[in-house]
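Letters are used for the chains, namely A, B and C, taken in the order the chains are written, and counting of residues starts over at 1 for each.
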Amino acid sequence: MSLASSLSAGERTSVSRWLWFNRIRFKQHSVLPGFGLTMGFTLLYLGLIVLLPLSAMFLRAAGLTPAKFWEIISAPRVVASYKLTFGASLAAALVNSVFGFIVAWSLVRYRFPGRKILDALIDLPFALPTAVSGIALCAIYAKTGWIGQYLHPLGIKAAFSPLGITIALTFIGLPFVVRTLQPAIEELDGETEEAAASLGASRWQTFLRVIVPSLLPPLLTGFAMAFARALGEYGSVVFIAGNQPMKTEITSLLIITKLEQYDYAGATALAIVMLLASFVLLLAINVLQWWTGRAYHKQ
Amino acid sequence: MSHPSAAISGGKNRRAANDPLWLQSLLISLSLGFVGLMLVLPLSIVFIEAFRDGIGAYLKSFDDSAAWEAIKLTVISSAIAIPLNLTFGLAAAWAIAKFDFKGKSLLITLIDLPFAVSPVISGLIYVLLFGLQGWLGPWLAAHNIRIIFAVPGIVLATIFVTFPFIARELIPLMQQQGSDEEQAALSLGAGGWQTFWRVTLPNIKWGLLYGVILCNARAMGEFGAVSVVSGHIRGKTNTVPLHVEILYNEYNVVAAFAMASLLALLGLVTLAAKTYLEWKVQQELQSSLEPSSAEA
Amino acid sequence: MSIDVRNVTKTFGSYTALSNVNLQVKDGELVALLGPSGSGKTTLLRIIAGLEIPDDNPDSSILFHGEDVARRQVGERQVGFVFQHYALFKHMSVFENIAFGLRVRPRHLRPSNDVIADKVNRLLKLIQLENLGKRFPAQLSGGQRQRVALARALAIEPRVLLLDEPFGALDAKVRQGLRNWLRRLHDELHVTSILVTHDQEEALEVADRVVVMNNARIEQVGTPSEVFHNPASEFVMDFLGNVNVFRGRIENGFAELGHFSLKVPHLPKSEAQDANVYIRPHELEIELQANGTPSLPATVARINPAGSYAKIALAASDGRELQVDLPFERFSELNLHLGDHVFVSPKKVRVFVPEYVI
């Protein structure tokens, strides 16, 4: 204020003009108060909780030479865990895509007793702690378990095998496909189906040519989300897996093992690989959602 | 993750299905079968196994002081994490929904980060920061402050994995509600805090509650991240999920499932509350979209 | 309280909403800001309210009764703002909505609960919703909500009332009723009021003066009669009411419009220029025979006799369509039918030449 008053009117005019031209346009001026306070707190929180710990990790990784880094992440045991984790997650996501579609379709299009309860139950994997689902699934599929006892004579080993891991990952990813498809199926314009029918298309043709193309983006999004979630899953899997190195050891467990052996460098290197995979998937999901947004022209 | 604020049902497809009956029956049976197998069965097993040896054995599982310590720790970390995350959620949603600034999508991506990160990594980064061999490790040891393998570490890891829930719920909700009412309040002479308390908060209360419920469920049930930072010290740094793991690994099956049944119960209550609140939030949004234009 | 807006410009990024706008509003006036979407009228209203901040410019100012309020927050300007979509507080009853402005006053200025109740009830009576104080906005019709929004703004005894397309979302009949009610209210209260609307009928009926805006600028300010009968620009003439437009050339005091020419002696006799000639439908005459005055042969294409004026659409011999409004007696006199060949001549014209207006 004092600088302003010590200048003459003419000087003030040119100074304010200069300031006006040179200020950085970060935020549109708004009439609502509280931006500074809320933004400041938000950034502080994020900085302390997210950015600081993350940078600790990257710093640790930076301490590794590229050669050492490669050595760690390409060790046979580690690679075996990649294959297992990736393969099981993929399989689980595929199962969830197929059945998730069926479930979503039934929930939206059909009326049957128990529909509302079914709808609410879909979110169970979100609400149930992973440790609980972990031991529950183990109890079901173990040799003496409810289902396991019938599979064992058939030679199918459900628990302590990749199959068991896949089953656990299917549980975890179930809501994703269903929940991304439901609003999309609801949005489907019944009239376009009626138009197709009036033009002579059979139900199957209508399904293939009219319905599936518009449902493909959300289906892919749900698939990618289930896949991403499965890659990082720990609690539900670790009980039913058996955790045998090279056979039934998932990558997240391997990270913990290395930590327990104080191999911080090894744990960090693996974590970075997993993060990279997550980010690639996150990117893919965002692209898919952008594509979906365009395809639907939401208001 | 279902987003009540993002799913305003158009109701366009509430018409009779035009699929043949055999197809409907097939798909419905498959759906029921799949969900029954994958979801209902595991849920039921928890309670069945817990009560396998009768109610007496079930109750005896809680006769253990370690169990109560675990429950206490779970409740405490949740009780700390939720208010902090609530404040964060409100602040972030206010900044993002009511103002226009560069870098908004980057900020939102940062907030979504914990969802993209494996729980094990969520715990790992705190170990790398605060652990004995971590960045701040030596400094903490010198001052005799224990974060990793102690309660503060557990609380921090819990905060990390749960802070997005409330923010993610409030941001689209507040964005959709716009800022007309706040502007009206300001034009009538209300100050910033008055506007927030009297106008903004009542409008978001259901979404807020929804976010808190989800946040709580995840906080109490978190396993992977907490497992990494806790050190599994029985009676000291075990939360209920960790205690379940210990009991199960000791083949103390009934006790393990008894503890698990508490969490399962929490899960069911969360589901019920979630469904109810989703409906409430949808109602809110419907009423804020369509002003009627009947008689004067 | 008078309002003086000087040199206000507002840009949003690369989009200019207002370009060096100047406006004076007299104490107690009801002024309408009229224009199409994107003309800047709502932006101007919001800038007066303090809900938008004009671009930084030392020459620009917003004076309320001589006092510059440009630096004041919206809550400090004592304006009553009525939002287009009402912005009622969903979670408060009608009573609480209206009482809000009184309840949030700082302690020492806050009236007691009894005083507040008294004021609110009087306002409820004014807006004719006495028994609906306990209802919630979701339970009201659009017109009722609008009245509550108005009462809420009036409760704080504002120095100026600002209304942003208040009747835009309502049915025609409701709009008409509320429009009259608003005018009567203004006559009773005498609060300086500014109304934003895109409905010219509304502006012309309700306002003391009309500010016609287009493309971030003010085209004309005047009484409803002035802007309608003496439009200052092509835009104003075209925007208000219906027009027939003739494109032609001005040469030697005559406007050559193709088939006929008009004497326009008041135009300087300079070189030939392109010009647009605007004639309102009620300023055209129909004759059954040519009678020496400049006229255009045309055929009757459509007749719409329902209304206080008979509306005749004609196809002129040069292909264009003409609109003529005839008083009913004249229409009966002529006994027109579809397909009749008649002659159309102008009673009054306005000529607009690109650079300047006559």
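In this section, contacts are C-beta pairs under 8 Å (C-beta built on N, C-alpha and C of every residue); 3 or more make two chains touch, one makes a residue touch a chain.
Remember, predicted model here, so these are calculated numbers, not experimental data.
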| item | value |
| --- | --- |
| Chain at maximum distance from chain B, centres defined as averaged CA atoms | C |
| Chain pair with the higher count of C-beta pairs in contact (A-B, A-C) | A-B |
| Chain A and chain C: spacing of chain centres that average the CA atoms, whole Å | 53 |
| Where chain A and chain B are represented by their mean Cα positions, the distance between them in whole Å | 15 |
| Set of chain B residues in contact with two or more other chains | 183, 186, 191 |
| Two or more partner chains touched - positions in chain A | 28, 31 |
| Junction residues of chain C, two or more chains touched | 50-51, 73-74 |
| Complex contact set, residues of chain B against chain C | 180-181, 183-191, 194, 198-199, 202-203, 284, 287-288, 291-296 |
| Touch list for chain C against partner chain A, complex | 12, 50-53, 56-58, 73-74 |
| Footprint of chain A on chain B - complex, ascending | 1-2, 6-7, 9-13, 15, 17-20, 24, 27-28, 30-32, 34-35, 38-43, 45-46, 49, 87-88, 90-92, 94-95, 98-102, 107, 110-111, 113-114, 116-121, 124-129, 131, 133-135, 156, 159-160, 163, 179, 182-183, 186, 191-192, 195-196, 214, 217, 220-224, 227-228, 241-242, 244-245, 248, 253, 256-257, 260, 263-264, 266-268, 270-272, 274-275 |
| In the complex, chain A residues that touch chain B | 26-28, 30-35, 37-39, 41-42, 45-46, 49-54, 56-57, 59-60, 99, 102-103, 105-110, 112, 114, 118, 120-140, 146-147, 170-171, 174-176, 179, 182-183, 185-190, 193-194, 197, 203, 228, 231-235, 239, 252-253, 255-256, 259, 262, 264, 267-268, 271, 274-275, 278-279, 281-282 |
| Touching residues (chain side chain C, partner chain B) in the complex | 49-51, 73-76, 78-81, 83, 85-92, 100-101, 104-105, 138, 140-145, 152-153, 155-156, 169-171, 173-174, 177-178 |
